[in-house]
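Right after this note come the structures.
There are two complexes below, and they share chain A, which is joined by chain B in the first and by chain C in the second.
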Partner chain A sequence: MTPPSVGLIRSLYVRFRPVGPEVVATAPRDSVGSWPLWDRVGYYAAWAAGLALIAIAGAIVVYMAYRGAQYFDLGLLFESPASSLNQATSGGFKDPILGTGLLLVMSTLIAAPLGVTIAVWLTEYGRPAGLARAVESAVEVVAGTPSIVLAMFGLVFFQQQWLGFLTFDAEGGAVLGRSFIAAASMMSLIALPLVVGATREALNSIPGHVREASYALGKTKAATIRRVLLPAARPGIGTGTALGMGRVAGDTAIVVVLLGATLQIQNGADGGVFGLFRGTGSTLTSYVYYNSPAGEGLAPEKAYFAAFVLLAFVIVLNLAVSRLARRGGEGWTR
Partner chain B sequence: MDSLSAEGIQRDPRDVVLAPPPPVRRIVVDSEPTVVQPPPTNGGGPAGAGAIGLGAPVRRPKPAIGPKVERMRIEGVTIAYGEKVAVNQVTLPVRQGEVLALIGPSGCGKTTLLRSLNRLVEITPTAARSGRISLDGEDIDRIEVTALRRRVSMVFQQPNPFPMSVFDNVAYALREQGSGRPGKDALYNHVGDALVRAGLWDEVGATLDHPALRLSGGQQQRLCIARALAARPEVLLLDEPCSALDPRSTQVIEELILKLREEVAVVIVTHNMQQALRIADHVGFMYLGELVEYGPAEQVFGAPREQRTREYVGGAFG
Partner chain C sequence: MSPEGIAARLPGRRGPGGASAAPGSTGFWSDARVERILGAVACLVLAVIVGMIVFVFSKAWPSFAANGLAWFGSGGDVDLQLEDIFNSPANPADYVYHLRAWPLLWGTFVVTAGAVLVGIVFSLFAAIFIVEFAPPRLNRVLEPVVRLLAAVPSVVYGLIGILVIVPWVGEHLIGLERRESVANVVQLDGSSVVVGILILTVMIVPIMIAIVVDALRAVPRSWTEGAAALGVNRWRVTWTIAVRTARPAIVAAAVLATARALGEAIMLSMVAGSASFAPNPIDGITFLFEPTRPLASALVENVEGLSVTPFGETLFAFAAVLLVSSMFLSLAGFVAKQPMRRYGVRP
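And now, the complex of A and B:
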């Protein structure tokens, strides 16, 4: 409420200020100070929340960069870890880096094609409607399941005797249900909903008349999907995949439960690539976990550096995502 | 005091400069059509035909054209979406060598009728059609649908090039027709030919590998026409092809349509009556799913037989 005197002064000013005939009426300039109390509180709270988030994100990056620089040693990236109580002789984290990379590649190779296929079916076919709803709910369930639950499920699943050929052989033919294959399959479930969501969004944003234009040129639905819709959805597919990779790179539970979190990569019984896939290993996340004071705490300085490497990787991935998302500025009118 | 302050916080009347009121255009509903000088025609129209109150539209001089060949025939076609009848018992010929314009207010079924010609209505799950549509004497229901759509091509209201290069857009309909994919060299002549026919070659001939979505709106729409022409269709369907374009691009495309009608039968849906008057040889006026009037453009616009046509082209509704 403005006091009456303010209103009077303002009205007198408005009435008697020098005004030429060419002046066009405009509304008095709105300032936050004149807003009702709760609107002002909300406005400043919004500002404060945004600034606080910047501060937190900045603090994380700066602190991890500081710690990473403190223990910076490029050699660690190329040295295998060794089991030692002494930090000087416990090696680097080459194997966790390779493990992260391998897990990323394998889970992306599972999640991306599967996710794109599901999204295409949901947006372009989606019949019968009941089945489509069921698929949607299934995707949501997978998206909402905590990764430790996925890991436990994966463990039960891959411990079955007849799936033993996919996991690491233990002494005496026991099936422990641990391998890159097992971990990557469950990791792909983490990435899958992100791929499905981003691809569906991209496909839905293509106007219907673009599909019809392809049909009107004598193309089948399959050809339209392959030649027009999927290329148009490529930025969306890339965004979803990269987001999924970020989640996979950052997950620890599945690695600890299903990858064995062994210090070094250990090949399975078969030789060659399949032996590697059946082997166990660790990732940067599990390496950080075990070496930080939260785990065994034997190499906290290396854990800091490894955490910094992981953070840098995920930040680069997210930058790639926002670049991808910004592309695709050219589009159709609806 | 109170009234003064309340008034003062609001706008002071002296601050407001009033713009002059906009001119009001009055449309006389019930008047008899006034007979004025007929627009210049292609030498074919009835001499006594009078134009109506369309603000002196100009009918473009027509080039001499060859014989007219009937390409498609629509006989007693009724199309319904579920319970709603969108097109009711329409019979029309579609001839090569002329432009057929379907006009009428929104929702009158003209686009549905157009989309039935290449069986695109079948995409709508609830759509049902009766009656016979033939292409060169053959029932279109007996033609394989992808083959039909290569022979009866279509351009849409919104320019919708595919997210690929200009070349690939035009080559789109040509590829995957056979078992093997023809190479770029084999397609080059066809693509160039289609771009020339669509009047786009001079603008994009040097940059065929550029993305098509970077072209201007008018260029995109001509690219869509080139794309539709590439498979050498017999009939070209245009669904309000200029409604998203500026006047200059519209003019270019209208000239293009007049040129194209000599080699393909052109059917255009438009709710722009000036456009229909400028380019159509025959006009079908549709209202509430019925074909109210069909005839030469001069007659439909100049001396409409039906009261509803007279009111529509006179601007009384629609």
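And now, the complex of A and C:
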């Protein structure tokens, strides 16, 4: 350790030196200290709010990281859960991780093309105007609908007999309306408004002369959309999709209702990939829920670790979004 | 690109070999057809969404029809009524529908209003800080922080709530005296209105901050600079010019955050919903420590019984109330933003 440098001492002196009246007289007029009381209160309240925000986020991340490190057990990631009261033998959460991944892929595959199609139609065509307005507000309505309502609708929708081939088949031919397909299609409704919104924003920010240049070269409108507009809107589409994936990964209500309460992935009757899609399972969110005291699971250490994995995934997704958003700002789309 | 390649991409022309027409040229993908296909997909999604709304309401109708307006009133214990509905006889003529949903509605209202009121004040100050006062280095941290808070799954919030905050409140903030004062009405164990409001506030604050920050940034610079040139200090400039211009956006933020708060089910059922109890404001401070169960949480807790006809219809009635509220709120949010457009300020 070196003794405190002269420079440090001098800077401390400069900062805390006794201030004589002549210094006050020359102080700039707009220093916070000279403001009226209520302005100062507001100013410090704004600082407090900003710092509190950082403190809350920091506390959540640090606490979850601490708990995650405390109960860290790599083996849990590769072990299927088992129904057992003894926590030593109740397994890990390989299936929930696979379930989360499968659900993400499936719902993104449904939501992204649909969302891009709707956004392109709304911004580039949008005729008749009344229909476009209706589609727009319908997407808005879905964005505001609680996911538990979507889940209930999905459950009853997929419980109809003629849709039974899409969901897990119970004994005796009853249609329970639960499967990865059912969950993914309702999840895609959650992600849809985000994809539509981000894509529309990206398309709207492309200047009109870009389209006109393309038409002037003799391209049709369809070709312009496919070759010019969609490539330019790619960062926006990516942002929307990633935001949607974040919502899908974090949603619990739809999983609890539509994917069933089984912790392991159970294939549907006909095996293969379609059997998997028809099967039931769990995701990280439902695993956390069932292992918390609310789900009577009473395995907080596993819930903590699973929640930590989930949080880490969401943070990574977040970083991807901010990178995409930054990339979206470049180029001629501005 | 070779001349042939360019020729292949021009409309109305086929590339060498004829068959390899580029997509987008006048082949199958003609303009009119593309428009029709895109429009058809949009209509399909529209049909699904409209179908969902109609379906929820038609499913909910028997419960509303059987109770009339008293459905929204108070009377009796909702949990017991739900149990009776669940156990009603199999004969459709004897279905039990009796329900007085007031405790659930009141619980929804208390938690949502509390979180939005606390959240709007907090996020207004935070947004002012971000736009006006934060040093650039802090701002680089704040943006990801807000995005992170918005992205944390509700079940993680719920887990922290139920394992950390609820036990802490139960042990340290609820004294024996307080527990006994309401012992014959409800049990206080820490899962309470105040914890629900606290965590819900954290969950909805990011949306509000995002909207308010956008609006504050959209305020024309010349307006604030004009005020500053008159010798007004920075706080007053922000408060009297920028915040006042952004008032419609603040209302919109509150409205949209309300919609989000209404739909929050999992977290609230974990930290606030140990019973369908209507917290009583007459109890003073104790009111904050009483449990409650908002509508959305009641859905999560009871959803296993959805296949029992009268019970399922009752749950769909809850869902219909939520759906109407959220539709109304997204409309109100849209309307609330309009005045700023009129000034030429695009929030």
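Here is the rule we go by: the second predicted complex is superposed on the first by the 287 of 334 C-alpha atoms of A that agree within 3 Å, B and C clash if a C-alpha of one lies under 4 Å from a C-alpha of the other, contacts with A are read in each partner's own complex, and residues count from 1 in each chain.
Assume a contact is a pair of C-beta atoms (placed from the backbone, for glycine too) under 8 Å apart; a residue touches a chain by one contact, two chains touch by 3 or more.
The structure presented is a predicted model; accordingly, all values stated were derived computationally and were not measured.
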Could you say whether A:304 touches chain B, chain C, both of them, or neither, answering first, second, both or neither?
-> second
Residue contacts on chain A - larger count, chain B or chain C = C
Once the structures are superposed on A, label A:227 by its partner contacts, choosing first (chain B), second (chain C), both or neither.
-> both
Pick one for A:64: touches chain B only (first), chain C only (second), both, or neither.
-> second
Where does A:56 make contact in the superposed view: on chain B (first), on chain C (second), on both, or on neither?
-> second
Tell me which partner A:142 touches in the superposition: chain B (first), chain C (second), both or neither.
-> second
Just chain B (first), just chain C (second), both, or neither: which does A:219 touch?
-> both
Identify the overlap between the chain B-contacting and the chain C-contacting residues of chain A.
-> 218-220, 223, 227
Tell me, which parts of chain A touch chain B in their complex?
-> 4, 7-8, 10-12, 14-15, 19, 21-25, 207, 209-210, 212-220, 223, 227-228, 231-232, 330-334
For the chain C and chain A complex, residues of the former touching the latter | 9-12, 22-26, 29-31, 34-35, 38-39, 41-43, 45-46, 48-50, 52-53, 55-56, 59, 122-123, 125-126, 128-130, 132-134, 138, 141-149, 151-156, 158-160, 162-164, 202, 205, 209, 233-236, 239, 256, 259, 262-266, 269-270, 296, 299-300, 303, 306-307, 312, 315-316, 319, 322-323, 326-327, 329-330, 334
Interface residues, chain B side, partner chain A - complex | 1, 4-9, 11-12, 14-17, 118, 120, 123, 145-150, 153-154, 156-160, 162-164, 172-173, 176, 211, 213-214, 224, 227-228, 231, 237, 244
Chain A residues touching chain C - in the complex, by the definition given at the top | 30, 35, 39-40, 42-43, 45-50, 52-54, 56-57, 60-61, 63-64, 114, 117-118, 120-122, 125, 127, 131-132, 134-135, 138-153, 155-157, 159, 189, 192, 218-227, 246, 249-253, 256-257, 285, 288-289, 292-294, 300, 303-304, 307, 310-311, 314-315, 317-318, 321-322
